[in-house]
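Two complexes, one shared chain (subunit A), two partners (subunit B, subunit C).
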Partner chain A sequence: MTNKNAVLIIAKKEFSDKLHEPSFLVMMSIFMVTLFVYTLGSSSFSNVARVIGVFFPILAIALGYDGIIKEKNSKSLNVLLTHPLFRDNIITGKFFGISITLGLVVFISLIIIAASDFLISGKIVQFEALSRLMIFGIFTYLYLLTFAVFALFTSTRCKTEIGSLAWGVVIWINMCFVLGPTIIMLSSIITGQSMFEMTDKFFSTGALLFNISPIHHFAEVTVGNLDLSYGTFGIQRDVHGFLDTKYSVSYLIGHYWQNVIILLALPVILLVASYISFLRENI
Partner chain B sequence: MEYEYPIIVNELTKKFGKQNEIVAVNSLSFKVNKGEIFGFIGPNGAGKTTTMKMLIGLLEPTGGEGHVAGFDIVKEIINIRQITGVLPEPAGYYDDLTARQNLRFYASFYDIPDKEDKIEKLLELLGLSDAIDQKLGGFSTGMRKRFGLAQALINDPEIIFLDEPTSGIDPKGAQMMRDLIKKLSRENDVTIFLSSHSMSEVEEICNRIAVIEKGKLLAVGTVEELQDMVREKEGVQYILEISDILLQDAADKLNEIDGVHETCISDDVLYVHTNTHMRTEIAKSIKLMGGTVSRFEEDRMDLQKVFLKLIGS
Partner chain C sequence: MCQNNSVKALLLVFFVLLSPASSIASADWGTVVATSETTGKVAISGDIIEFPITVQRGHNSSEKAWIGLSVSSAPENWDVGFYEENGQILFLNFPENENKKRNVILRVKTPSEANDGVYSVWVNFVPDEGDISIQEFVVKIDSDADINMQLYSAIPGLETSPAEPVEFIVTIENNYDHRIKVNLDVLEKSEDWDIQLLEIENKKYRITKQSLEKNSKQDFIVRVNPPIDTVDGSYTITVAVTPENGPQSAKETLELEINGNIETNEALVLIPEEVNLILSPGSDSEIYVTIKNTGIQQLENVELRMQDVSGISTDVRMFGAIDKLDSGESKEIPVQISVRADASSGSKDILMRAISDTTNSEDGTIAIVVERSESSGFFGVGLILISICVLGLIIYKFGRR
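After this line comes the complex of A and B, so read on.
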């Protein structure tokens, strides 16, 4: 028995557990309904991205918040760790299980919505449009994965499932509601200017500070907006994210490379933090 | 891997706290022989579970070393887990899965040729055949304990660690577990490391016993060896029923003999506490006084008493 197999066994079980949990169906339904509303209604894509960016992280948190703490509190971790596997196999397996579940929700929803859109509207299926939609799916996935892995991290730190969920909610509220207005306020204090003046100095200060916000990076790559959270002004840039077909994908990668790297790095950093936290703990 | 002793512990130490101020296990050293049932007893907080957790790799020792089946308990823990079975306390399982599904999950960590057959046989052995497709959430405490033993046996282990295997089980279920543990040791030559609060259980099934208190090893040996240790320290107590002479006269006479520590009369029974075995001297003395001894026995110290004497209660 190799450790790779142990990771697969844990991942398979985690994935199977998630599929049988009500939260999976709830998440899948909400995701599809939101995209359907966009597809069939007159809502702008920016509004859909806003709903996904602001509200969907809580669904991702619901996927990961009990990953380790549930095993700890039910004492099944005591038994699991007497079998031939390392602790890091458990975290890695849980990570893969959660990642696959999230991927399933995001991509299955997108495929169904795209297929429905083409069927309903009678549009001709274009590779370019499909590939851009998949790129949007990848960034949505990475953005939501950040919150799911953060929840996995809190599940290694907290004593109860409620505590872990509460930390997830606190971070979600701060990231998606509080941070945007706070950055605008800070930019105003730093530059001594009002947001309504819209000077380059104010704008560049705000853009710099927004680098600490995951929703900012998601907003940049999907719709070319500075921020999507409520209570702030979303400054629309000239390039409208990866869905902007005026620009080629290679050009957009060059344009958004920093945002892309941060979106890729965040889940990895949080996964490493989860490893460290879990490995240091006495069971 | 070939090994002489299934478990060797040398100066094993575990400390907790920011400055290692809490010593849970203090320089513990002992060896467990192949095929024996080794009992590990001590009061609450003595360090039994901490020791077991170090041996199965759930805790890293602060000092000392330990080997299970010849493998180092820090560096080679996966090798240890491949050939050991553990029933921890407390133990939890996946309540939303059936007994079969739970065992299938644990079995997937090992290369077991015919998993399904193995699962069915194990559950039959533990008397859980009827509940094989029942969810564990509906199992009673006794059934869960038996299931716990089944998951510990899934890989045909050479060494089994059992932490309170019969706690919370009814007497019939507990006896079944004890019989099974004895059978495993006897027929399969499995070494069993058993931690328990039940002195009668340890006395019944263990070949040797280690007594620990406050993380320190107080004694190791068979029940008889432990009894001798206590006798050496505390002396021997005889119980006598005598006729034809007054008990008080007999007590006064016996008190004059060298080595008799104390006498006491209660309910027409004379208790004589001596430093060593003095059966012959006492019998002679009573006979010389003209007394007739109708009962003369050494107060048998069961493990409970031995344990209490050893820990100084």
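After this line comes the complex of A and C, so read on.
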């Protein structure tokens, strides 16, 4: 048995388990209904992006928080390690299993929502709009994958599933609710100015600090906003993300390349952290 | 005695016939002769008077000939000279075999300070061979002479509403045989009314003087701006042209009927590129709406305003208002019309209006028919079925049994 096969078998096993779990259908239903309500009921797509950016990370965390810890606590990990495979095969397999499940949820949901929209509204099907929706799906997937892989990381560090989930929730709350107001406060301390003074110095400092927030990069590439979380400020730019059909995709890639790279790099960095953490784990 | 008287009479006739001074319009004989049908004119001081003179060979000859033209006597300070097409002349040559008549003008410029009276100008026509002809031309300066000009309008009566300017076209007709310069004035008008006498070509410049060729006509515009508080009724405006050097004027009275209930012409007109659009939910279209200033005055701060209706939004793509829109000028304004995805089917009218600081257009409409795309329904159903099939297949293939 090659390592490649071992990874695929573990990924397939993880994917099968996720499909079988009632939480998969629950998550998919929540995802779809929320998107459906916001897509058809909201006048602005930034509201849809906000709901995805703020609330959906918890669904992604739910996919990965028990990835390793469940195997560890049920002692099946010990049995698994008696087979000729390595720890990195296990973590890679888990990663692919979670990634495929998340991809299935995101893209099937988006396709069904888009299809319902066409069916209900009767609007014209345009390839440009469909392609931008798929690009939006890719960035949504990468953004949520960051949280799913972080949950996988906590599952390698924590002793219990509750502990892993709690860490995930703490990070989610901090990233999606606390970080925005914190950055406003930090910007005020650094610049000595209030947000209400509306100075360029304050906003440029805030924009710089927002680079540490995944939701900032998601907000930039999807709707061209500085931030989507509640209790913070958003600066609407001239370019409204990849959904702005006034600009070509190639132009938007050039415009948002830094945000795109960070969204691609974050899951990889967290996966590497999970590797290191799992390899150093005393099982 | 009777015989003596007859002899004296014959001698007198003989003497008169032979005398150069008695040749009134032409010489009895000469290689070239000059004749003039008009030898006396009435003018006012300062006028330029022209006497046409015809010069031709005295008899058929194939030889070359010439005639000298000179002024022998003229009142002091009077400019007198002979002119042909190319300017002032002293001699006229007739080449060999050339028998065509030549037209010459005796131009007399009277001084503006000349007193009323009868003045004579004596001229000599001296052919190369033959008799010298001496001719008298008489000019009567009469400051009370009737002006030989006309001032009239083909449409001397108009109707308008208060604050709505109107324009009369008035014609000056110069019946003099010479160029004349006249002053243009408004002799009579209602108080506080703005009357402008404008050049016909571009309506840009106000004119105060007009120079006219002999026997010519010239139009000009009388623009009348009745104030907004003008009471309904009939008003007269009298315009006059007065030659620079004469007291007499030619006048024309124009009548303007002010009627507050008259339907006014809109100065701003909206011309949409499309008045009917068929759009599907979620789609959009860009059209151009032309704003035209059909009035006669420049309009300032002109902008296009559109009223959104349920499910349809409009975006007027212009940077603020148009600062100035000249009379007759038009601008194209792009307008993005977007139909929301949840817009209901049916026809909806978008109202639009152009406004400026002083006026606004009539409301225009663009009818938007929202039609659901049949193909998108099939597409939606197809996508849902495919998604469900894919999901089912994945669960069937990978789901734990």
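Keep this in mind: the second predicted complex is superposed on the first by the 281 of 283 C-alpha atoms of A that agree within 3 Å, B and C clash if a C-alpha of one lies under 4 Å from a C-alpha of the other, contacts with A are read in each partner's own complex, and residues count from 1 in each chain.
One rule holds in what follows: contacts are C-beta pairs under 8 Å (C-beta built on N, C-alpha and C of every residue); 3 or more make two chains touch, one makes a residue touch a chain.
What you see is a predicted model; the values in this text were computed from it and never measured.
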| Once the shared chain is lined up, is A:Val26 touching subunit B (first), subunit C (second), both, or neither of them? | neither
| Does subunit B (first) or subunit C (second) touch A:Leu119, or do both, or does neither? | second
| task | Go through the superposed model and pick first if A:Leu81 touches only subunit B, second if only subunit C, both, or neither. | result | first
| Of the partners subunit B and subunit C, which touch A:Ile9 in the superposed model: first, second, both, neither? | first
| Can A:Asn282 be said to touch subunit B (first), subunit C (second), both, or neither? | first
| said: Identify the residues of subunit A that lie in both the subunit B contact region and the subunit C contact region. | reply: 17, 20
| query | In the complex formed with subunit A, which residues of subunit B make contact? | reply | 16, 53, 56-59, 78, 81-82, 84-86, 88, 90-96, 105-106, 108-111, 148, 151-152, 161
| request: Name, in rising order, each residue of subunit C that touches subunit A in their complex. | output: 280-283, 339-343, 345, 371-377, 379-384, 386-388, 390-391, 394-395, 398-400
| remark: Contacts from subunit A onto subunit B in the complex sit at residues 1, 3, 5-6, 9, 13, 17, 20, 74-79, 81-86, 282-283
| Which part of subunit A faces subunit C closely enough to touch in the complex? | 12, 15-17, 19-20, 40, 43, 104, 108, 111-112, 114-126, 129
